[in-house]
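Each in structure tokens, the structures are laid out below.
Both complexes below contain subunit A, partnered by subunit B and then by subunit C.
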Partner chain A sequence: MSAMQTNQLPDAIRPVLGNGVPCTIATCSSDGIPNATIISQVYWVDPTHVALSFQFFNKTIRNVRENPRASVTVNDLAGGAHWVLDLQFERSESEGPVFDVMDMNIEAIASATGMSGIFKLRAADIYRVLSVRRLDFSTSA
Partner chain B sequence: MIPGKILRFLETRANIATSATRDRELVPHGHRVVGWRVGPDQETLTCLIPALFTDHLLADLEDNGHFAVTIEEIPTHETYQFKGRYLRHRKAAGEDMVANARMRERFVTGLQVLHAGAPAAILAAFILEPAIALDIQVSEIYLQTPGPGAGTLLAPVAEAGRA
Partner chain C sequence: MTDPAARSEDLAAQLARKATEFETLQRVSWEINATLDLEEIYDLTLETMATLFAFHHATILLLEDDQETLTVVASRGYENQAIGGRVKVGTGVIGMVAKRRRMLHLSNLGQTRAYVSAQRREMVKAGRAGELGDTVTVPGLPNAESQIALPLLVKDALIGVFSIESPVPRTFGPHDEALVTIVANQVASAIHNARLVRAETTRMRELADEKQRAAEALQRVNDSLEIRVRERTAELERELRVARELLDDARKRVEGPLLGQSAAVQGLHLAIRQYAQGDQPLLLVGATGSGREAAARSIHHESSRRGGAFIQVDCTLLHAHDRSKLLGSLDPEGREIGKMRLATGGVLYLDGVHGLPLELQDALGEEIERIEATREKGETPDPDVRFIASSHRDLAAEIRAERFDARLGRILLQRSIPVPPLVARREDIPALAEHFLRKHARRLGRNADSFSTAALERLQAYAWPGNIRELRTVVERAILMSSGPVVEIDAEHFAGSKSLGSYRLVRQIGAGGMGEVWLGQHQLLARPAAIKLIRQEVSSGKDRAALTQRFQREAQVTAKLRSPHTVELYDFGVGDDSTFYYVMELLVGMDLKSIVERFGPLPPERVVMLLAQACLSLAEAHEMSLVHRDIKPANLFVTHLGSEFDYLKVLDFGMVKVEPGEETLHLSVHGIVQGTPAFIAPEAVLAAPDIDGRADLYSLGCAAYWLLTGRPVFEVSTATSMLIHHVQKPPRPPSAIAEQSIPSALDALVLRCLEKEARNRPDNAVALLEELRRIPFERPWTNDSARHWWQLHAPEALHRLQS
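Let's turn to the complex of A and B:
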């Protein structure tokens, strides 16, 4: 059912990462309890890395520090597809160009969704991409 | 039992959902959810999964039974996460399709509040048809609305029902 699979982010995913459609992340604690969360955006860092925002010390943040694996789904409504990214948490950055871009985008998203003032970026969590696959809606039957 | 406030949220307002399982090596897997129904006991939640997101699903559940599902209402962002144990699964049919259609309608309405003019057909296509219906015994419910309170345990389901 996967149309393609790679361990590098293809150029085709870049506009999808910035399309403003909510994404989802699955993580798991060290004692084996899965967690599912809806997140606002996934950020392109380079062809083998993405960044997720660290705003509150929530269960997702705790889980990836205990067990670094994560699975993220980003949604391309106009293109009729999902992209599933299998990730490994590498490090957290609280300054620098990735942090600065995310900080600006988060305020813009918060403002557009009526959540202004609630979000404050504490760090950019950097993940290595283990695999990427595109799932077309048309193949779901 | 799932508290009345959350039951009403599930039955009348929520319009987007995602779920997670994990394998024996603690690798998590995400699965989109395209509808849900609360059982008559108000402790069983049936989650509808499209075919595209069934990779690892049943293997994970049969290995360890852990399941988490997060359900949100757009545009309010009111969100809850339900954690529990896999009970059984079957091919989605009948009332599952009604629940799927209800979610699709709510999703289109909710998204158009945020994105005025977004074509209804494109939004509707995002809510895929379900392939599998999973019955989950809910044991815990967490507040997941974005903000500093996200992650607060609202109550084990059995205690919430007695409250």
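Let's turn to the complex of A and C:
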């Protein structure tokens, strides 16, 4: 078992967060109905925070607004491991450096695909990291 | 647990890579900053990328001046990436980097694109396709997965975007971002410097170009100035020629009539010397032809005013409304200038002052009084003119009869010089006659050098009602009639003794190789006319009768010519001495030969206007099968009809040939080809049987050549050589020898008239006329131009009779 748990994001996770491999986010509504969906990226904010883009995920957003807890699984294909992040929704930012970087990435693609203004970042949702666990593929299987 | 050896190797590899990177960055930094060549900078940058990232694609885009477009200036690794590809600021990764001026590092573009595409499809499914825009192709690797794009900034100003891409996801890490950032900063700075230098170089080149253009413009101005100076010089030379001519003319007029040793003429000389000094008005009283003008010119010549002009006015030609013509100043346009003003610093000679209208006599008297009053105060009057009047009448008697203004008469009669009639100085007649003999014999090319004793006796015995002028005419006529060195004078030489048909010969006004031209007057109608006498040397009865018949037939045809541009034939006949004569309308003005000789070549627009008139005359004649055969400048007479100036009349239809050839009439000396060598058509030289009007067009071409250039078509020393040239030699274009510029259309048309083969010339005078009218001129020659020219250049010729 190579699982290790911390509430600080280790440096080793930074390349994984930016690797572009889709991640999975799991949320739960106030009445206990879970929801899981794919998200394209989890952004590094600082060692105790990440940001998720608030775009189309209506159900996820609604759940998080009702119940601030979320769980994200990030896939490190090169390292042969999953990283599971337990998160607590803190705030939604529609401006500032974190929003700018996320918005730029999205807008860069959207502008070239006729989706400018549609495929648009509405806000950057900032989550506090409650715990991080690394699970090797071999052990998590 | 990590193997220490492997770890050591790994560290060594990392160290080696770092060392390579450091070396590469150091080299690129040095090399990029060592060049100012943009292409070299791009190459070095892309080369560096190749060294740092083995598996890479890179592109450099620069921001256009519109600040909205980025253009690919260099690329490596994209097989299909065209240099010059464009992307709008704000579109795609590169456009977004330019818009935000921040680096963008993407690791899994394919994934993102797939995600966005899915979203797009969802929207289409949801019926929201209308909200979607077009997908835009942006520069770069189409299947890029990883990309670092960063702005090229110089002092916070965006100049472009630098981008590296890879088809492999997650190719670049944070360390690569740092490396690319270092290189991009170097590149931005190098590009900026190189562009500054390039802009400066361009500016320098533009400045140099501008300087070159300015130099060329200056050269053009200089050239134009040079042309203008040349034209002005030619103009001045012409004016100088005119001045010399006038001076020469004046000298000739002075020297003749005042010759002699008689008491009368010596007294005149004394009076001239006495009155020459001073500015007071003078009156010369003497009979017509006695030499009043010569005396006036002599006074001018002896006085301190000799450097000033001698302006002559024929008072009998002035009308009451001509005050400004006599006394006026410049008009607002600077054209009209009174004769008095023209004489500033010199002498105003009022010939025949008794003929001055009374209104002008009054105005003139007032002006003279004003000028004299100013002089009495010791001041210089304006204008500073001396007045010399002349008359053959007794002005005192005229005043008494109230035919002359009392004030002007009083002023003039204060200083009166009598000019003796010729009969009062008979002893001077031989000297005067010999003077005229030498002068006219030389002019007429005769070898006459003396008079017979009988001739001198006759001259001295004659009453000379026409005075010296008559003596001159009689001598001239006698020279023409004589055939040896000793000139005889017969009774018939004296004026008034000869008449032809209904016309009385008044006085001779010209002479040439063919005969004389006389001023004649119809004995009953008193109509003045020009009478041309043509001597012919056929004496035997039969030949003479045949010739006379032909002459009459030809004259009858000529008389049918009705063109206003053909001199009108009033009458013709054969005198008792077998002299043929034509009686023609009397014209005032000058022929084109004299005009060009005196004033130089004519401007093309004037030549065209004159030639067109000649064509009108010839067209009618040719229609009636008459060929002129002697078209030349001397036979093209420029006159004025009322207020119409530069009115051309074709003279001398007397030498025409009635077609067909057998009817040819040689009125000139036998054995000489008809026509004038310088102006003769090749077919006339060859005496071709089928000569038609196109021979006249050739001659008209020769005349045009001469009018435009002042030179004949062929400059050769003998008449024979001239004839050969007409037949064989192609002429040079007038433009090649003219001092003025000649429109190419006119140049070509003159050359066509000069074609050796008649069929290559314009078909007829009407066709030539039409072509002449089609030649465009910026400033065509108008009646005003002509009037101005005559008043300025040859006002005296407006009253000169044809000769």
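Basically, the second predicted complex is superposed on the first by the 124 of 141 C-alpha atoms of A that agree within 3 Å, B and C clash if a C-alpha of one lies under 4 Å from a C-alpha of the other, contacts with A are read in each partner's own complex, and residues count from 1 in each chain.
We take it that a contact is a pair of C-beta atoms (placed from the backbone, for glycine too) under 8 Å apart; a residue touches a chain by one contact, two chains touch by 3 or more.
Computed from a predicted structure; not experimentally measured.
S.K.: In the superposed arrangement, which partner chain does A:F119 touch: subunit B (first), subunit C (second), both, or neither?
M.R.: both
S.K.: Applying the document's definition of touch, where does A:N105 land relative to subunit B and subunit C: first, second, both, or neither?
M.R.: second
S.K.: Can A:P22 be said to touch subunit B (first), subunit C (second), both, or neither?
M.R.: both
S.K.: With both complexes superposed on chain A, which partner does A:A78 reach: first (subunit B), second (subunit C), both or neither?
M.R.: A:A78 sits against subunit B and subunit C alike.
S.K.: Once the two complexes are aligned on chain A, which partner has more residues of subunit A within touching range, subunit B or subunit C?
M.R.: B
S.K.: Could you tell me if A:E93 is touching subunit B, subunit C, both of them or neither one (first, second, both, neither)?
M.R.: Neither partner.
S.K.: Report for A:I33: first if it touches subunit B alone, second if subunit C alone, otherwise both or neither.
M.R.: So A:I33 only meets subunit B here.
S.K.: I'd like to check the shared interface: which positions of subunit A are touched by both subunit B and subunit C across the two complexes?
M.R.: On subunit A, the overlap between the subunit B and subunit C contacts is residues 22, 56, 78, 112-115, 118-119.
S.K.: Please name which positions on subunit A make contact with subunit C in the complex.
M.R.: 14-15, 18-22, 40, 56, 78, 100-101, 104-105, 107-116, 118-119
S.K.: For subunit B, which residues count as touching subunit A in their complex?
M.R.: Going by the criterion above, the answer is residues 16, 18-22, 26-32, 50-53, 55, 64, 66-70, 72, 74-75, 77, 79, 81, 83, 114, 122-123, 125-126, 128-129, 131, 142, 144, 146-148, 150-151.
S.K.: Quick check: in the complex, which residue numbers of subunit A touch subunit B?
M.R.: Residue positions touching the partner: 1, 22, 24-28, 30, 32-38, 56, 58-59, 67, 69-73, 75, 77-78, 80, 82, 84, 112-115, 118-119, 135, 137, 139-141.
S.K.: Quick check: in the complex, which residue numbers of subunit C touch subunit A?
M.R.: Its residues touching subunit A are 90-93, 95-97, 100, 102, 104-109, 111-113, 115-117, 119-120, 123, 131-136, 138, 145, 169-170, 173-174.
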